[in-house]
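Each of the next two complexes has subunit A plus one more chain, namely subunit B in the first and subunit C in the second.
Let's turn to the complex of A and B:
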């Protein structure tokens, strides 16, 4: 039996951590709704579990999403994630090859170099030693980058790095100590008894030349074990809780447990899965345009988790989804923030009694819905009518005489009850048309129609519909030299994943200039309905900055597909013309 | 001593004349081919229905003073301050020097395209208050289809007191302008129905309230308290409007043959450029900030640079001319002071 008292700090720490995690996770899972439990049961024995495993490898260990942000930042995370994982796994295999007893406690593999008499070889012992040294070297190189990131975050592609609590800085120091201590302990032992490979063996000889390693070796193992034990004890109360929690979250996510309107068990898992990497900070335009650097998800989730005051942070978010699109852990950041917004508007069904009953059924197969925002941009409505006419489409304009709001603004302010009443009213009038296809001009309506209404007809945003008309040859674009840049509205692009349709339209009818703001990286115009905190002047600043960013590509027209974006962009009085994609299509066909 | 005045609208013209009369040399710079500024676009003035062009003619006539040099079609490209003197480089190559600089860059009207829901530039029969003045000048009031309008609506506060356009301020004159224009319209169209959609009627000047009362009693203009929400167009090219009569508390729908947008005032692009060139602060309403709202209404945060007219806030012509005279006095005091 291999044992030495110095393994106690590690063993104790690990066991306490495991017990704590099991209790914590069990409590959260117990709060899952029956529906969620059924979903899990349905999906657990399917390929989804395999997919989750793959995602755990790619994201929790390799951190491949972070590589896309910056290769060095990715490498740094890979060193800690994959490096540490390999150190444990290969170490375990090594220890099993050496000593195949089932009584092989976890600490035996971790402190293998201490327990293994170096002169005693076993199959592949040199190869194992070489790989273990290589992995340790990799982790140490990652550590070097982590230091560099603290000193100068720009070197790793981050303009700003997260401001941490003192407690998190303490555990960070402990984490940073673990690997140098392992290196020292293994080197000293190697210097004393031999063993190790190119790194620890060489270092051992080197230290031996000027240090009393005989006295230092045993304390170094104590220090290494204590650092590990302390790290495990502190972990549940620090941001490193994300390491175990993220893995569970990835499985739950792949089993399709969804973040609902209310704060629930899955929210808890997400809250503790945030690694506070700070990638969301640079993505946020409230930071880059308005200098608001305390409202980003990393800080919001931190305050929420530690029960700190966060009422302004709850309201101060554009919900543009730029952070969500970049989040390496794939947290539902908008939905999480929304769970904290409180119902504050009371309406009843009678509030909308004044609305006339829905129009009679028509024979038209296509129903056009401009939406209340659409009615603020009559130019868009006019273009759509003209396009329907040119394409010979039999359509009915269902909200020509006006309508009520789709309810999404209410939802975005946390008033789900009010939104539900509005939805019910609207749904009845939409379905009364009897049309098969509903085309809307407003991405805000579009998102809620698709996600919340469960309509018995197909719903398309006019961007998608125009794309279909162009592809089918119903519209005939003429040759044009006009150059365009596309501003993908938050609710259409990141909100509803409509990316290819506008791209294709603009390629067909104009010279589309590609920008740094394509697809998921589109900017927010600043007009967002979701932000309940910023002032109109601040919105203007956001709009101006976004406009300037697009104007730098010198297009003839900035094209968007949302009445709100168009209106917001028209306020700063820029010389860059802004058009809705429908207006452009109408002009070019 | 010489003073450089930028902008030859009513404020610039009046200040130039007052300073010239007092013996100062005046360099008056105007970017347009003729002086007069926004006054050139007006037909008649409230409250006395004086001809705008008559006032303009009087103001311009006085620019023939020997102490005034007028630089038309010119814009400053660079403004430097050297040893207490301003050096203004013009785009035509001239270099002007002066001991004081007076900014009279004035206002510009709100671009009605920004309020797209009112359909300006989209619906044929939506015009702005300036375009209506133009109609009066030509004495031709007709719709896009060439007919006499039977129902005309004036929409107040377009681009004023409107959070959505980021203009929180009141432009002050649009209310009384609407009353004046409604009366003028009634004289041309005795049978038409004329309505004003307002939030508040702000009749601040002498004679204004009386005009408002007369408009209701004598000229049968209907005033509806309620802001327009949106407009659309029917096949006959009439404008369908949706509003709320907030006195009755009911939503309202109506067709108009002609809709007039009472566009508000904003700091002119020229004034904005001058502020950026000279480092003059802007107030939260977007206009240029005066040093003190009571004692230094023509001074700025920059020593030696003064303001006159509507570049510091919306003003009617009476106040603009008064402000110009006040600026002339302030500048003379300043010149005396630096003389010593």
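Let's turn to the complex of A and C:
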């Protein structure tokens, strides 16, 4: 039996951690709705589980999304994730080859160098020693980058790094101690008894030349085991809870458990899956334009998790989704924030009686819906009408005489119940038209039509519809030298994943200039109705900064596809003309 | 209300500034200073989605609030759909949408306490 009292801190810490995690996760899973449980049961024995496993490898271990932000930052995370994982797995295999029993205790593999008499070789012992040293070197190099990140985060591609609580800094120190302590313990033992490879063996000889390693070796193993044990004990109360929780979350996500309107079991998993890497900080325009550096998801989730006051943070978010698009853990950050917004509006049955009865049925197959915001930009409506005419489409204009709100702004304020009533009224009027295809000009309406309305007709945003008309040859664009930059509205791009249609349209009818703000990296215009905190003056600042960022590419026209964006961009009084994509298409065909 | 040929005339009434409770107006002015910038142009009411369908007038709401006539305010306020168009047309940068939301929250709190 291989045993020494120094393994106790590690073994105790690990066992307590495992018991804690099992109880905690079981409690959260118990709060799942029946629907969620059925979804899990339906998906658990499908390829989705395999996909989740692959994602765990790519995200929890390799951290491949972080490589896109910065290769060094990615490498740093890879060292800790994959490095530590390999150290455990290869160490376990090494111990199995040596000992041949699969039931050797976990600590045997972790402290293998201590228990294994170096002179006794086994198949591949040199190769194992080499790889274990290589992995340890890799982790130590990652550690060096982590230190550098704390001192100067810009070197790793982050303008700002997360401000941590003192407790998290303590556990960070413990984590940082684990690997150097392992290195010292292994080196001292190698120096004393031989073994090890290019790193620990050489270091052992080196330390032996000037240190009393005979006295230091045993305490070093105690220190290594204690650091591990302490790390496991502190983990559940620190941000490192993300290490085990993220894995469970990835599986639940792939089994299609969705974040609903209310804070639920899956929200708990997400809350604890946030690693506080701080990638969301630089993405947030409230930080870069307005200097608000405490409202980003990392701080919001931190306050929510630790029960600190967060009422302003709940309201102060554009919900533009830029953070969500970059989140390496793929958390539903907007939906999570929305769960914390309260229903304040008490309405009665008579409240919305003033909304007119549904529109009359027509024979047209296509229905056009400008949206309430669309009526603020009549140029877009005129262009759409002209395009329908040019393409010879028989259409009906549902809200020609003005429309009611789609309910999404109400939903974004947290009043889901009230929003549902508005949506019901709207749905009746949309479906009464008898059309098969609904084309809307407003991405805000578009998103809620697609996600919440469950309409019995196809819904397209006019960008997608215009793209279809162009591809089918219903419109005949003439050659143009006009240069354009596209501002993809938050609700259309990141909100509804419409990326290729506007790109194709602009390539067809103009010279589209590619910018740093393509696809998921598009900016927010600042007009977002989701932010319930900032003032109109601050919105103006956001719009100005976004406009300047686009204007730097010197296009003839800045093209967008949202009445709210167009209206917001028209306010700072910039010389850069802003057009809706429909207006541009109308002018070019 | 009398209603002849599409015109209506408000009933004669007295506004007792001494008795009315203006605490909500004072709180609003303090919490949301932009509401003091209002010049009463009525742009918000002209573009209002709800206002185009029923009797709902943000400019009037502001006036009622400043007079301390919170009962009328309470009857009207919930007609708003929070679409945010008023915010886009305001020439003075009054945060109209946030004002409505603030009033919703205050009234809901008052209801809760009473």
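The rule we apply is simple: the second predicted complex is superposed on the first by the 585 of 589 C-alpha atoms of A that agree within 3 Å, B and C clash if a C-alpha of one lies under 4 Å from a C-alpha of the other, contacts with A are read in each partner's own complex, and residues count from 1 in each chain.
The definition used in the following text is that contacts are C-beta pairs under 8 Å (C-beta built on N, C-alpha and C of every residue); 3 or more make two chains touch, one makes a residue touch a chain.
Computed from a prediction, not measured in an experiment: that's the story for all the values here.
Peer 1: Kindly say whether there is room for both subunit B and subunit C on subunit A in the superposition, answering fit or clash.
Peer 2: They clash: once the shared chain is superposed, the two partners overlap in space.
Peer 1: Thinking of the overlay built on chain A, is A:536 touched by subunit B (first), by subunit C (second), by both, or by neither?
Peer 2: both
Peer 1: Counting touched residues of subunit A, say whether subunit B or subunit C comes out ahead.
Peer 2: Comparing touch counts on subunit A for subunit B and subunit C gives C.
Peer 1: Applying the touch criterion given at the start, work out whether A:402 contacts subunit B, subunit C, both or neither, answering first, second, both or neither.
Peer 2: both
Peer 1: Mind working out whether A:150 is in touch with subunit B, subunit C, both or neither, as first, second, both or neither?
Peer 2: A:150 sits against neither subunit B nor subunit C.
Peer 1: According to the stated criteria, A:573 is in contact with first (subunit B), second (subunit C), both, or neither; which is it?
Peer 2: Only subunit B is touched by A:573; subunit C is not.
Peer 1: Is A:378 contacted by the first partner subunit B, the second partner subunit C, both or neither?
Peer 2: first
Peer 1: Which listed stretch of subunit C (23-31, 41-49, 59-67 or 77-85) steric-clashes with subunit B in the superposition?
Peer 2: Only one listed stretch clashes with subunit B, namely 41-49.
Peer 1: Identify the residues of subunit A that lie in both the subunit B contact region and the subunit C contact region.
Peer 2: On subunit A, the overlap between the subunit B and subunit C contacts is residues 354, 376, 402, 536-537, 540, 567.
Peer 1: If you look only at subunit A, which of its residues touch subunit C in the complex?
Peer 2: 344-348, 351-352, 354-356, 372-373, 376, 402-405, 407, 409-410, 413, 415, 422, 527, 529, 532-533, 535-537, 540, 564, 567-568
Peer 1: Please name which positions on subunit C make contact with subunit A in the complex.
Peer 2: Residue list for subunit C touching subunit A: 34, 47, 49-50, 52-54, 56, 78-79, 81-85, 87-90, 93-95, 97-98, 101, 104-105, 108, 111.
Peer 1: Once bound in the complex, which stretches of subunit B touch subunit A?
Peer 2: Residue positions touching the partner: 111, 113-114, 116-117, 119, 122-123, 163-166, 168, 230-233, 242, 251, 284.
Peer 1: Where on subunit A is subunit B touching in the complex?
Peer 2: 354, 375-379, 381-382, 400, 402, 536-537, 539-540, 566-567, 570-571, 573
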